[in-house]
Each structure stands twice: as C-alpha cells, then as structure tokens.
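Here's the structure we're looking at; comments come further down.
For reference, chains read A, B, C, D, E and F in written order, and residue numbers begin at 1 within each chain.
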Amino acid sequence: MTVYLTRRERFNAAHKLWVKDWSDEKNREMFGKCSNKNWHGHNYHLYVTVKGQPDPVTGFIMNVKDLSKILKKHVVDKLDHSNMNLDVDFIPEGMQPTTENLVVLIWQQIEEQIKEHGAALHCVKLYETENIYAEYYGE
Amino acid sequence: MTVYLTRRERFNAAHKLWVKDWSDEKNREMFGKCSNKNWHGHNYHLYVTVKGQPDPVTGFIMNVKDLSKILKKHVVDKLDHSNMNLDVDFIPEGMQPTTENLVVLIWQQIEEQIKEHGAALHCVKLYETENIYAEYYGE
Amino acid sequence: MTVYLTRRERFNAAHKLWVKDWSDEKNREMFGKCSNKNWHGHNYHLYVTVKGQPDPVTGFIMNVKDLSKILKKHVVDKLDHSNMNLDVDFIPEGMQPTTENLVVLIWQQIEEQIKEHGAALHCVKLYETENIYAEYYGE
Amino acid sequence: MTVYLTRRERFNAAHKLWVKDWSDEKNREMFGKCSNKNWHGHNYHLYVTVKGQPDPVTGFIMNVKDLSKILKKHVVDKLDHSNMNLDVDFIPEGMQPTTENLVVLIWQQIEEQIKEHGAALHCVKLYETENIYAEYYGE
Amino acid sequence: MTVYLTRRERFNAAHKLWVKDWSDEKNREMFGKCSNKNWHGHNYHLYVTVKGQPDPVTGFIMNVKDLSKILKKHVVDKLDHSNMNLDVDFIPEGMQPTTENLVVLIWQQIEEQIKEHGAALHCVKLYETENIYAEYYGE
Amino acid sequence: MTVYLTRRERFNAAHKLWVKDWSDEKNREMFGKCSNKNWHGHNYHLYVTVKGQPDPVTGFIMNVKDLSKILKKHVVDKLDHSNMNLDVDFIPEGMQPTTENLVVLIWQQIEEQIKEHGAALHCVKLYETENIYAEYYGE
C-alpha cells in the first residue's frame, strides 16, 4: 500500500534567461522579456511529494515536519531572496534557471535526505507563475 | 480511451494526533502542536477522481451528481463538523486520523459505490491545509 | 530524463447538455439544470502538460511562448466567448460539450502541433468549476 | 460596535452584451467578443456583506445559514444555470447584464430580506472572472 | 497621504458553538452542526491591515516583520492548534468563538502593540472557510 | 448611485530594498533578506478599482477593455520583467520599491488617464506575495 504525501514551500527569487555566447538579439528572440539584463523575479511555489506506507502507529509516511526541515535547509534557504543566476551553489554556472532545470536540480538536492527518513521522493513540482509549472519524477 | 473526472467536496473537522500508550512527552516530540489534548481542526478539501470511457450519448463517465451524492453520503456527512478521533464509524479506534490514513479509509468507503455506477475509482486526494495533502491510488 | 511542463490558459463559454432525441423530462432527469434550453456558461481553466528533455543550452522542453501560441490559435480563440454547442468547428454536432468530451477534443487539436515543436503532449486538464475537472492522457 | 460578515455563493450563467438598437458593428466595437450572438458564460462568485452588532449570547450578527438561504432563494436559484438576458425575472428586458448592473440588481433583491433578520446589507461584490469584479454599497 | 498594509497569517483551531444554559435541541436549532459536542475545526486565515504614511527613507509604514511578530506572539501562537472554547486566555469563558466575536477579540489583542510601532490598526479580517469571513474596523 | 469596478493585472519584477547611505549591517538589520545585493523578485498582482455610475445603455462605468489598456500601457509594460530599482521611469532613483511606495506611484501614473474615460480612480491594491499587500485611496 503506497500513499503519497505532498508539502508546499515558497520562495521569492530573481533570475534571467540569458546565454552568454549568444548576441543580445538572439537572446531576446529566444527568451523575450525573460532576457532583461537587469533581471526580473517570481514568487515560486514548490510542491514536493514523497511516497511510502503509513506507519501503523503514527499514521505517517514520514514526519511532515522533517520533510519541511529538509526542504528549508537544502532548497528554500538557498533560493529564497536569491539571484538564481549568481547566488545558488547547486545551480551550475551558465545553466539557465528555467523551471524545467530547477525541478531536476531540486530533486538532486533532496533525494538522499528523504531516503534517510524512510520515504521515497516521488515528484518535485514548481510553479513559476499561476500559469506555468514544471514537474520531475526522477527519471 | 480513458478519461478522468474529479469532484471536489469539503468538510471541517477536529482531530488530534495522540498515541495513548505513549507519554505526553513522546507524543509532543512526535506530533508537536498536533498532540494538543483539547483538539484542533482543519478545513479539509477532498478531491476524488474516477476514470472510464465517456458515454457516446451523454458524454459522461458517470453522472457527477451521482459521484457527489456518494461522496456526501459515505464520506462528507460522516466527517463534516465531526471529531475524527471520536465520532466517525469508519475510522478504527486508536488509528491516527492523519491525512495519509484518511485517504486510504475514504477509498475503502467509496470504491464499491463508484463501481456500481460503471466507473472506476482512480485517486483520493485530501488537503489538510494549503501546504499539505495526501493521495492514494488504491494499491 | 523526462520533465513535464504545464501551461494554463482560460476561456469563457456557454453550453448546454441536451440530447435532441430525448424528451424534455429525460433531459432534465439526466442533466438537471445543465439542460436549460437557453444555455448557461462557465469560466474554463485549461492546463496543458507537455513532456521532454530540457535542452542543454536553453533549459527549455519547448518554448512556453510557442506552447501558449498553439493553445491560443487551436483552442482558446475558438472556444473563448463561444457557444460550444453551436460555434466551434472541432466539436461535432450533437456531441455533448461535457468536460470529459472536451479534454479529448482539445487533445486532438494540439497533439500534432506540439510534436512539431519537439515535445510530446502528456495531459489535457480542464476545470469547469472549482469543484469539477477532467483529464485525458491520450489513451 | 459594528462587525461585518460576508458569505460567498456561486452561480454559473450565460449572457451577452448587446444593444438591440445598435448595428452589429457598433455592438462588436463596444462589447468585443462579449457581443457574440450565441452567448457565452461565466462562473460567478458572489460575496454579500452584512453588518451589525454581534448578539451577546450567540455571537452572531445574523445566522449565516439564514443569510445563505436568502441568497439562494432570491438570487442564486434564479441566476444559476440561467441565461441572464432571457430567464431572470429581476433583470429588466434590455438592461445589459454587466457585472456593474448585476450588483445593483442583486442589492435590490435582498436588502429588505436582510433587514428583516436584524442586520443591514453593506456590500454586494460579484466576480465575473478572476480578473474582473464589481461592488455596490447601496448609494 | 495614508497607505494601507496588510499581512496574512494562518492558524488551525477547534471550536464549537454551544450556549450552556440552552437545551441540546435549542443549541442544535441555532447552531446546527456547529454545536457538535465533540468539537470541529477550521483553517483560519487572518488578514490584519495597518495604515500610516510610508517613511521617506525605508518606504515602510511599519516593518512588516514587526507586524508579523506581533501577530504571531499575541494571536497566532495562542490560537494555533488550540481549542478556542477551552485554551485561549483572551477569549472570555462562555463567549461563543464565532468569527464575528474573534475579529473583535483579536483587534483588542494587537491595537496597542501596533500603535507602539508608529502605525494604526485599520482592519482585522478573518476567514473561517472560503465561504465565510468577518471584519472589524475598531468601532 | 456609485458602483465600483476592479480589474486585475499581473507583472513579474526584481527589486531589492537598500538605502545606499547605510552600511551593509544597517540595511540587513532593517530589510533582512530583502537587502540581498543581487536582487530577488516577485509575481505582483495588481487590482485597480474605479468608480462611477453605470451607463444606462451599455451598463458600463467605463469599458473594462479601456481600463486594461491604460494599466498595460502606463504600468504593466513598464514594470513587467523589470528591475524596479533600475529600469522604471516613474520610480524615482533612490526611492525604495516597497509595496507601499508602489501603490502611490501607480496611482499617479493612471489617475488622469482614468478621468479622461469618465470614471474616477478609487483604489490601487498590490499583492507582493499571497501574505502581503498594500492599498492606496488617493489621499
């Protein structure tokens, strides 16, 4: 019996989409206003889903407080009020901080941490706006 | 061709997380403020998804009014304005009313009812707050 | 490595559920107030999910602006402020514009367009109200 | 001491904006896609605010169940799944069912009913979409 | 020049509406399911609005972190995961914890604290569910 | 008879709160993580309310399409995907782009434009996150 548990966290960050080997025109053509050199930003809503079997005594897959602590320490504290092109150790230099890339990078930050608490990471979902979100299931 | 149809219902209930064989300290350590002896409560948002093939004449997998009636009779009328540790016949005594346990118990309440209407239950999803939800897919 | 990207669009439309070979009573019994001869309407929220591998340079599965253009041209411009029983070329005459039927019809409108942009259509999800939505995964 | 209490109700309806003395072109120019002859529709969210002094025994300004009953009987049952240009007795023939006109008409439907329950109507607020709403305060 | 600044906080609590001098029948008649002896509960969303003139250097009416600290210390820490009929020092015994009474009691808890930070309390707004909220403006 | 009409628009922008005459420590103390030198950002939700009397023929206070055009031209096109400390002509150099200052600056951008369309500006409301918003009523 597998049950899925999801925790939402939020962070606010700046970024731009900009390939340094490209001309301004090519960047503008591909990324539109997202290529503004002086950055822009978003309120990101992060949903992380873990799966497992509820413990017969506690009724928990894993303690949601522990899940929240992992997310805060390894993801939110690093991304919140950051510039994602400049400030974040787990985003490789030159990699575009698109929503698609972020869900993969966030997965890598927390997969092991969650395993140590007896659950399995199932999905990382990230809203950039109310109109756009990405998901990653680890494969 | 399989289409999925989801209906949301809501209920407001009290509960606490508390293992009676444990000391107060151990309960507090595991469950935090959720172990308050005098209870606390939530507005629960329940999303139930059924699947099937749309009927060629009506365009329905099953009539959503019937789905809503099943949910009201077998789930919402029993949980709404209840104390989930004390008042609900389908929650076994001593089982913690965590979101994880609730989605499994709700599944068991409605799986057969939905089958009788020609559709198959696909998912039970329950929000405890805007930051926490659980899902169960029946296996 | 597969990442999923979702774009939301919105449209407002009128419809009724009404089988012309049935009596008024039978229509009323099956469809309730949805059978009102003079129509009613909804604010529809459409979520379309595509999947693929993020491009190593742009970090995109496909450019979300292109996804939005496809949805606007092939779906939203045809449905927005329309009567879905009368005005829409891709809804066959006599087919009920239920949420279940609409997700299948919308899938057919956009599957090829998305393939041409190097991604694969994964899911069409349509909210009719905050309490009801349907999903289709193409099979 | 004045406290304000608000109750939300919802209804789904069709309408069009169309002045019969005008040409098609003039209607199109003023009302855009809202002038589609075959109608369109919305999910309307109605917020009605009453004011008064909380009763020292019950803590109620007025019983919110009574407020909900008034709204259902005099507003929602008449508007839900209706065509607001054709079906609703309290919308004068030829008056445009804009959000601005609707809040005034709804006010007139319920002002007396609320007074009879010992509270005063304070505001009628109506969302047509998540981007547009109107309010009326009775003067 | 007066600008208004609003901060949202959340808490989850149990309560019941029950007049001890009344019979069970009379309580049931007045309060419906809210009179369940074993309690029920809600996710409360609290919006507190202060007003003042933005400081020419900081652009702040008052530091929103200070506003949040006041709300946490004097309101949320006392109400969160509480039973509002039993556990809260600022709710008089026997006073019904209705949304209407709560906004007045919360106002009294924080009016002075906000004044000490150079702003004025303008409004306390409390959502009990997505369908019901109360507001108090201090008079 | 006065009716109020509100239009929502959205924009995504970067900013920081930073007084250049202050030390890093003092900036950090006052503004916390908002003082990050490399910026951060938000999804802003802007609600602009105008008031007037509905036209007896059109039922409009002012055409909401015109309101939207004014907001796009004078506010959203300038702020969307901008750095509000560097890129926006109507934000004076050195003025902190706090939510409180922004609502006043936005008011000044649109008051006259709305008057020219026969309505009066009533309120500018700006959400920085789901937990914080500011309002300005012009005095």
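Throughout what follows, a residue touches a chain if its C-beta (ideal position, glycine included) is under 8 Å from a C-beta of that chain, and two chains touch if they have at least 3 such contacts.
In this text the structure is predicted, and so the values were computed from the model without any measurement.
Among the remaining chains, not one touches chain A and also chain F.
Chain centres were defined as the mean of their Cα atoms; on that basis the chain farthest from chain A turns out to be D. Centroids of chain E and chain F (each the mean of its C-alpha atoms) stand 28 Å apart.
Note on chain placement: the centre of chain C and the centre of chain E lie 41 Å apart, centres being C-alpha means. Residue positions 130 of chain C are each in touch with at least two other chains. Working note: touching chain pairs come out as A-B, A-C, A-F, B-C, B-E, C-D, D-E, D-F, E-F. Residues of chain E touching chain D in their complex: 17, 19, 30-32, 95-101, 103-104, 130-137, 139. Remark: chain B residues 1-9, 49, 54, 57-61, 63-65 touch chain C in the complex.
The residues of chain B lying in touch with chain E in their complex are 10, 12-15, 33-34, 36, 38-43, 80-83, 86-87, 129-130.
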